[in-house]
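There are two complexes below, and they share subunit A, which is joined by subunit B in the first and by subunit C in the second.
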Partner chain A sequence: MTSNRYVYGIVDGDPVEFETDAVAGADQVYTISHRRLGAVVSDIDTTDPEETDEDAQRHDDVLREIMDERERAIVPMQFGMSFESDRTLKNVLRGARPAFRRAMNDIEGRIELGLKIVREEDADVDDEAIEAAVDDELEPIAAQSVPNDLFSDRLVLNRSYLVDREDREAFDEAVARLEGDEAHDHEDLTFRYTGPFAPYSFVDVEIGAQR
Partner chain B sequence: MAQPQRRPDSSSLAEVLDRILDKGVVIDVWARVSVVGIELLTIEARVVVASVDTFLHYAEEIAKIEQATAEGDLEELEELEVEPRPESSPQSATE
Partner chain C sequence: MFVLDDLLFRPIVGIVDTLHTMALNELYDLEALEDELKENQLLYEIGERSEEEYRRRKEELEAEIEIAQEVHERLSSGRVEVKS
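After this line comes the complex of A and B, so read on.
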């Protein structure tokens, strides 16, 4: 019998419950609620789960199931947020309720999409012009965007976009237009368009305990 | 004719790991295991700006205060913020 709870994210309203391959071998995902806020959890026997590719993928799969199949908003947790008990979990749901509420308002009805533009090695491209063209196409459609790390000098652009569900098609079309745009030496550029993800990049909440 | 669309790729583990290990809500281990007597501290960086209008309004209000301070026009600010209260008068203090 395990009493620790691995948390995937926070939902508002009706509880979520389904069977799936969950983190650490669990097969049931369910919801622990405090008032209208619910933590989507599965059972686990540690408060310090090991970080494996498989479990990271499962964590993300659970969020996708909730977002894509059920079209529910979920405030995503970072990997590894395992709680001692239902009590400690409800304590945090209660204590951090305003922060969860605000995060929920920010992301409700929205998804995250990622765009990386990579240039071929030795290709001479005008980074600024490309960035300006991308901004012109995508910023008006996106609700918000954030830059990500340019971890390679071949990365011309690396951004995450928060997009309303209803604007998703328009966004797909805009990316297709950018990719087809001959003015930007598209032969030398590779577009990596990824997602939809839970809006990880648009919730920045840290909860600590005063000791 | 339908517009050409580009479907995003949802299968990249690297993209998932970039996000899941680095972003999302973080809860300190003490807050996850302690049952009694803990006070939660929440740090929020608002990534999503409410709206440009709200921001401009806010910026305008800040500018007004800064301007008043710079001009030494503090009387106006005091009028705004400090209401004379009977209980803080010298008389009641000596009672």
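After this line comes the complex of A and C, so read on.
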């Protein structure tokens, strides 16, 4: 039996355990704890898992199950974190404890939402005015936000928002208002509003090379 | 004469080498390919690209990215030879 552990994220307090379709064919997700912090893991036979679309989806599904079904805060790990033993993993939990605690405080009770605004091909739109309008509507509601890469020249805006669960509805409404706002060439714009996600964009925990 | 030849020759090899590396970098622009992969996904998500077209392009781009990664690994390890 393998002793390698694939990590989804870090929880505080009670361990999480359930059966599911997990990464790399595992069927059980459970928790390895060091004091109050616990790493949610499944068994895996490698420390260098290949990123397939299916496994990336499973990684995300496990995080969502914990956040949505169990309403627990989890500091999400990016896809692909795998450790060679429980001992190395506990060392990481111990070493990065202050960082995990800080991240936990930031994300507790909050979800991540994403907004991309795409212009029609060759459409001439006022990027700055659109950005200002979006900021006016959304920034007051969001707890935090970060800009993301404009990886296509069709993208006018690409931002992630960290939003309190209780402000979700207000945020949805604000996005709908923006989408219907005729002042901003909305015929030439397509909105892509996504989420909720585990708050990947708002945790910045570096895990050392001691995997 | 050997010393002189060598000194004269060396800078030219250096320039050719650099130009070759630059050309390879441009031809196998990993970042541009990755951006295009993300754009392909986005255009599919907003309904501008059909599923068939999206999958076809995704496969093409992933294959190109794999080649580009290999070229970059070889470049950084100096295993790409300059042939004239």
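Keep in mind that, in the parts below, the second predicted complex is superposed on the first by the 208 of 211 C-alpha atoms of A that agree within 3 Å, B and C clash if a C-alpha of one lies under 4 Å from a C-alpha of the other, contacts with A are read in each partner's own complex, and residues count from 1 in each chain.
The rule is simple: a contact is a pair of C-beta atoms (placed from the backbone, for glycine too) under 8 Å apart; a residue touches a chain by one contact, two chains touch by 3 or more.
Note that the structure is a prediction, hence the values are computed from the model and not measured.
Between subunit B and subunit C, more residues of subunit A are touched by B. Judged by the touch definition given at the top, the superposed model places A:Ser152 against subunit C, while subunit B stays out of reach. Applying the stated contact rule after C-alpha superposition, one finds that A:Asp60 touches subunit B and leaves subunit C untouched.
Judged by the touch definition given at the top, the superposed model places A:Thr31 against neither subunit B nor subunit C. Residue contacts after overlaying the shared chain place A:Tyr200 against subunit B, while subunit C stays out of touching range.
Using the contact criterion defined above for the overlaid structures, shared-chain residue A:Val175 touches subunit B, although it does not reach subunit C. Shared-chain residue A:Val118: touches subunit C; no touch with subunit B.
Using the contact criterion defined above for the overlaid structures, shared-chain residue A:Arg192 touches subunit B and also reaches subunit C.
Of the residues of subunit A, those at positions 192 touch subunit B in one of the two structures and subunit C in the other.
Those residues of subunit B whose C-beta lies close enough to touch subunit A in the complex are 3-10, 12-13, 15-35, 38-49. Residue ranges of subunit A in contact with subunit B, taken from their complex: 9-10, 47-48, 51, 53, 56-57, 59-60, 64, 75-79, 81-85, 87-89, 91-92, 95-96, 98-100, 102-103, 106-107, 112-114, 143-144, 146, 148, 162, 169, 172-173, 175-177, 179-180, 191-198, 200-211. Every residue of subunit A that touches subunit C in the complex is listed here, in rising order: 116, 118, 151-152, 154-155, 190, 192.
Residues of subunit C touching subunit A in their complex: 34-35, 38-39, 42-43, 45-46, 48.
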